[in-house]
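What follows are several structures.
You will see subunit A twice below: alongside subunit B first, and alongside subunit C after that.
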Partner chain A sequence: MLLVGVILRIGLAALFPSLPQFLSAQVELSTPVSSFSRLQEGVYLYKHLSSPYQGNVFFQSPLLLSLFSVLPVQNSFYVSVFYALVDGWTAYNLAKIAKARPITSFSPNTIALLYLMNPFSMLGGLARSTLIFTNWAIVASVQAAIAARPIKSVVLIALASCLSLYPLYLVLPIFSLCLQNSYRYSFRSMVLALIGSIGAFSALGYLPLQSWNFLDKQYLTSLLFRDLSQPNLGVWWYYFIEMFAPFRPFFVGVFQLFLGSFPVGLTIRFPHEPLFVISAVVGLLAIFKPYPEVADIGLFLTLLALNKRVVGLMRYRLVVILGLLYVSALAPTFYNLWVYRGSGNANFFYAITLVYTLTVALALSDAIWAAVRLDYDGGRGRNLMQL
Partner chain B sequence: MAGQFRGTYVSENALLPHQASTHFRESEWHIVRGFRSEIRDFKDLPERERNARLMGLFDEIGLKSASHDWQTSTTEGSQNVYSILHAPRGSHNEAIVLVAPWTNMDGEFNDGGMALLVSLARYLKKWSIWHKNLIFVVPSNPHSALRAWVGAYHTSLKYTAGSVEGAVVLDFASTSERFDHVEVYYDGLNGQLPNLDLINTLVKVADAEYVRCDLPGSGPSYHLYGQRLQTMAAGIFRQIVAGIKPGAGCEMFSGWRIDAITLRAVGSDGETGHDITTFGRLVESVVRSINNLLEHFHQSFFFYLLLGPRFFVSIGTYLPCAMLVSNSFLIMAIHIFASKRRSFSRETIGLTSMTLGAVGLASLMLSSFFVNAISSTTWRLGLFAAATSGCISARKLLGNDTKQAIYGTALTLYGFSLTTLSMFNFSLAFGLGFITIPLAWLRRVKFARSLIILLTCPVTVLGIAAWVMDIPLLDLIDSLIYAHKVLSVWTWQVITQIWLPMWFVGVIIY
Partner chain C sequence: MLAWLLVLASGILASTNGESYHEDLVLRPLPKNKLLSSFRFVAEQRDPQLASGELTEYTTFPRSLGQIMSRASTHELHLRFSQGWWDAESWGVPPANGTYAGGVGVEMWAWVAGEDLADAQANWHRLAHSLSGFFCASLNFLDQTVTTHLESDALPRSGDSSDENLYLLRGALPAEPVCTENLTPFIKLLPCKSRAGIASLLDGHQLFDSQWQTMSVDVDHIGDRLRLTQVVSNVIDVPHMQRRRRDPLPRPEPYADLICKEREWSADYICLPDDPRSANWVISEIFDKELAPACPLAGDGPHVFVEASDNWTVKVGGNVTSGSVSFSLGSEPVDLVLSSEDGLVVLENKVPDVFVDRSFTGYGQQSGGLRTVFTNPHDVEVSLVYIENLPWYMRLYLHTMSGDLDIVEDISYTSAEDRTRPSKVQLHIRLPPLSQSSIEYKFDKSLLYIEEYPPDANHGFEVPPALALTSTGYSTRTTSLLLSLAVPDFSMPYNVIILTCTTMAMFLGSFVNLIVKKVVPEPLGEKILVESSLKRRIQAFKTKLIGN
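Then we have the complex of A and B:
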């Protein structure tokens, strides 16, 4: 199954050599903080001129910079193979998680298939969004936690956070998952491990350029939504492009506070289901983080499938699937009408991002409802109306 | 229906239609006449010679002119002439295009249009008010030749004059000095329409010159419901066949973000009516309005159905009806899935969707292969017949559950393809949805299933369309493919990649 998914990715990239480039130009598939072409630009600047963090093009991690300055970025085929392998590894980890939880999740094969064949993660991988690496780290961290290796798990979630900041919100449920699966380390030692590994990764980031510039460029761009050059699927873009500058700090604060208020609450509400909390937080990030993209949705849907009983109790599965189908057809359509044909306008694309937000929010709230229901009566009630 | 449409109005584009007085009057009459007889002199010469003479005329006026040789993939080709008037006050990065093809949409020699174009070039050059460049284009026909020129202008032409903000095609085919009224054509390929403000400008200008301005395919009495309906239906039909049936010329500007209209003089026999300089004044005034533009055409409407020169239906009003049609397929699919849920195993649904996806991908790749490899349309029809019989034999092989799963998945995909299509090309999506709506009812009705299958078959419908348009079926298919290849019109793809698969599914499950 793994092999098929990986080969399919490589095959698609090899059969249509222009596909990755085309896809990576789509605003739904790559954002300023994850775009591969910006990464290439950054690598070029790093190799030939000076620090890529001096300009306003490159907002990604110095770790990726070092990684891709070693890899042959120029050869498109090798890059595709690399991305496909990373995706395959992620799917492998997911299958291992599923294997460790035989009753509560679908079979390992189904989970791997769900990740590899689901169009959202496939498009993310083909578009070479660097979010793929973050997703890999998140899944590897969850896998390590379930395999009772807390320190490895904490190091990996620290890596994910260093790559794209927002996985920091997953730290609490990951701790909870670690504690659930092993008693070897206390909460305090895990916090220490987290701080230590974040420090170590930051120091690693300092090394290639001998400057702390990247902290400002990478993290503050993600945090304060400083790059408005490209629209994206989330709710932030349209709102902030319309806003007068003096109001920006306030609303950045409000938006971040809104996003940040959920993970703690969810962890407290579902103390025995940390894996579900992780999927819920991933889904939350797919809606409310400043630069969401379709690779987020791919991960969210797969992680959700790790909670089989929750999925079984969800009421609006068909609505969500159809909604996502419509969004994937209409988002590029409206973007094309707005940007290329000039017959639509920004409101067209904004409308479809709202549909996207609503669809994912429906899936999320439905999943949380199902989890609450499980808590309440184990899902044995008879009056369950499903669509 | 009253209340369902609105009156047109000039929106926030800074057009100021007919605010400046026009001076292309009787004093220019003899000049038009002179150019007319000169062009008549050399119109029957071989192409290169007549183009050289024409360029000579532009040179005498004092405009830089050039020729453009073109050839399409289907080995048709000829030479266009164009000439540029550089704006006396402007930054030379915007342009307005005036076109007079040698022959008009019906293949008649564009006698008055050519003469008007040259005399307008001479006349407009005297003004110092232009801040957009003017380009005068004489293609050999208003179809492929004009398309080739527009394409070359944006890619390979030696002399260019900035991005084109608006284009007007002149069609005055009669040899008379007079005309009765004008018709405005506004179609575009793949459902792209010019900004409604461009049409509003023309209508306003025509009003001020006391010229009646009509939409093609209808009469002057727009206060009658039947008349408005007829006008709208004609508009929808022209929108569907744009690029497939030879059009008025303005649609050849589609795809480059250019708003274009064609102005056609009608009924020019006899002594009564307006004289030819009035037609020139219309063009002069419209060009001056476009010249006023401060930014590219925006606001107003790009999605509309015209019921008359002064009435339109906006997207907010007509889109729900397209959505109802396309989403009826989806609702039937939900019905199938919801009522049959218990009997579907996950594997059936998963397998079906994957198979359909693979078949879709394969057909996507194969269809371009077939278009290129199979040159004869008879063979294509033969292939279609073979595939159909294949589907009929497949009916016996598949179980009822599988059939239902295939049907549901296909209806879902079909529904949302139509929804997407209706955002681009309302007319095509609506027409297709309207024709194929019985396919959604295949499992529900008890009678006439074969009739439904027959009536929704692409070949049958194309046959009927060919009969209505009075051309052989094979020619219609050829022109579909030609439009797909040369003009990148999607209709062929829509038929082969959306409609045909859905119909095949219908054949399998009925």
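Then we have the complex of A and C:
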């Protein structure tokens, strides 16, 4: 199963050599903080000219910079193979998680298939979004937590946070998951491990350029939405284009608070279902972080499938699937009408991003409702009423 | 009498200030009935700011400009106002090897003193703002987002470079229209204004109705001396000018005047008004004025140079000569007539060292490419420096650079920062003899905040011309480019705020609703409902308060 998914990815990239290039230019598939061509530019600047953190192009982790300055970035085929292998590894980890939770999730094969054949994850990987590495780290962290290896799990979630900041919101549920599966380490030692590994990864990031510039460029760009160069699927871009200049910093704060308020609430409400909390937070990030993209939604759907009973109790599955199909068809179309044909305007694409937000928000609240119900009676009762 | 007094006065001042003033005009017929006129005014004197204790004043050098420069700690200033396009392929090298020609719009570069770069930029800011008022141009828009800091020796300097703390800053405003209001302050800098000497021919109506025109102001220091060089050059389409003089309304040529023949670009017989062959160009008809008497300060040397081939007859007052001629202006106004049996035959033009063409590639408003074609028409190798400043909303991908990369010897690159500085690409290029090479790189077009779009956002954004300097001293600029960016809907701010906030609020509402919810069986639910009703609560509160 894994092999098929990996080979399919490599095969597609090999058969259509211009496909990765084409896909990486799609705004739904790669964002300024995850775009592969920006990474290439960063590597080029790092190797030949100056610090890539001096300009307005490269906002990614110095860890990726070091990694790709060793890998042959110029050779498109090797890069495709590398990305396919990382995706395969992620699917393998997902299958292991499923195997460790035989009743509560779908079979390992289904989960791996869902990740590898899911068009959202596949497009993200083919477009060479560097979010693939963050997703890998998140999944590997969850897997380690379930396999009762808390320190490995914490180190991996620290890595994911260093790669793209927002996985920090997963730290609480990951802790909770670790504590659920192992009593070897206390909460305090895990916090120490987290701080230590974030420090270590930052120090590693300091090494290639001997400068702390990346902290400002990488994290503040993600945090303050400083690069407005292209639209994406989220709610931020059009809002801040149209927002009146004096209110911009205020609303950046409001949006960040909005995003940050959910993970804590979820962790408190579902203390015994950390894996569900992790899926829900990934879903939240897929709509409300500044630079969301389809690789996020791919991971969200797969993680949700690890909570089989929640999925079973969801009422609007069909609506959500149809909504996602609708968005998949119309987002590229409307973007094309606006930017290439000139027969549409920005509102077309904006409307589709709203539909996307509403669809994923519906899936999320539906899943939370299902989890609330599950919390009560395991989904057996029929006569439930709302207070 | 006045003239005599002026001469006397200048003689007296010359002893203390070492001043001099010189002006000359070059007239040169170009192919296809074009006339190139190039006015040059050079004023020189000791720098009053450097002299201490002695009686020093601004004499030939204008005080207004001198004060602006000294207040902005500017050591050397170069300012260009240009419109139109110099057709190097048929007109050859522009006057003075292109030194005084600018790119389309306004261009300024200066060596500014400062303790550090920020200090120099503050001085540059002061300079641009002062000159903006002075020249009635939008030079105040030369802020840090369009200004690049170049290495101090990147551009040729006429003065000495003894001072260490000088920063070379350069900026361009390609969308700036150049017009009469810029010419008036330019003329005011001249000691005789436009009342005497060759400057009497400078007239806005004539100057700006040309195919290409450029005005330059250059101030530099040579030792302790200040030198101001002002140059105005333009290329006039003479038949067009004469036709407009005959009849202000543009009417079609009568059919009898059309020439029907097979054209080199078409096999069919095509009838077009052909370029007139015989030329009779009267300066007072082309420039609306005769040449006024010489400016008394302008020295004795010849003031007017006519550069023409031997088939041209030049009539100055009563003298008739053929071919190139030079003469001084006297105390009487004089008219000049250039005539030829075959006006299409002119002096052979010097072929430029290099041709540089730049254009956009790609389509759509998301990304594009920049392709620059370098042509070396000579059979010797040419080395040149190519400097390109691109606005920050073009995100350059230097790793996509492709084409004939073997001609690039060295790259110096400063990437852009959003809303802070433009990017700078400086290529050192060596072109093989008789070759054509091209270089291309890709870029992404950025979205902007709503207030950053100009009122006519769909018109596009002007990208400043790139600059090419050869080792032989020839300088040329590419044309400016028009970049079209994706635009948002400008009528939407409130709608977007409302719609986005509604979506987020809806999610927040249902989320909070679910998260604080507890699911209970029906009987228990009803019990809680009853217990938690308002009536019961008030009852309970009363009970608590009064006690039963």
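Just so it is clear, the second predicted complex is superposed on the first by the 382 of 387 C-alpha atoms of A that agree within 3 Å, B and C clash if a C-alpha of one lies under 4 Å from a C-alpha of the other, contacts with A are read in each partner's own complex, and residues count from 1 in each chain.
Following the convention adopted for this analysis, a residue touches a chain if its C-beta (ideal position, glycine included) is under 8 Å from a C-beta of that chain, and two chains touch if they have at least 3 such contacts.
What you see is a predicted model; the values in this text were computed from it and never measured.
Could you check whether subunit B and subunit C clash or fit when both are placed on subunit A?
When both complexes are placed onto subunit A, subunit B and subunit C end up clashing with one another.
Of the two partner chains, subunit B (first) and subunit C (second), which one does A:92 touch, if any: first, second, both, or neither?
neither
Quick check on the superposed pair: does A:300 touch subunit B, subunit C, both, or neither? Answer first, second, both or neither.
neither
Check the residue A:54 against both partner chains and state whether it touches subunit B (first), subunit C (second), both, or neither.
Only subunit C; A:54 stays clear of subunit B.
Is A:258 touching anything from subunit B or subunit C once the two structures are fitted on A? First, second, both or neither.
Second partner only.
Is A:343 touching anything from subunit B or subunit C once the two structures are fitted on A? First, second, both or neither.
Only subunit B; A:343 stays clear of subunit C.
Quick one: classify A:329 as touching subunit B (first), subunit C (second), both or neither.
first
Under the contact definition given at the top, report the residues of subunit A touching subunit B in one complex and subunit C in the other.
Of subunit A, residues 345, 387 contact subunit B in one complex and subunit C in the other.
Touching residues of subunit B toward subunit A in the complex: what are they?
Checking each residue of subunit B against subunit A gives 192-193, 257, 296, 298, 302-303, 330, 334, 337-338, 354, 412, 416-417, 419-420, 423-424.
Which of the residues in subunit C come into contact with subunit A in the complex?
363-367, 392-393, 395-400, 411, 413-418, 423, 444, 446-451, 486-489, 492-493, 496-497, 499-500, 503-504, 506-508, 510-512, 514-515, 517-522, 525, 528-529
Please output the residues of subunit A touching subunit B within their complex, sorted ascending.
That would be residues 117, 318, 322, 325-326, 329-330, 333-334, 337, 341-345, 387 of subunit A.
Once bound in the complex, which stretches of subunit A touch subunit C?
Against subunit C, the touching part of subunit A is residues 25, 27, 37-38, 40-41, 43-45, 48-50, 54-57, 226-231, 235, 237-245, 248, 258, 262, 265-266, 269, 288, 338-340, 345-347, 350, 354, 357-358, 361, 364-365, 368-369, 372-373, 375-377, 381, 383-387.
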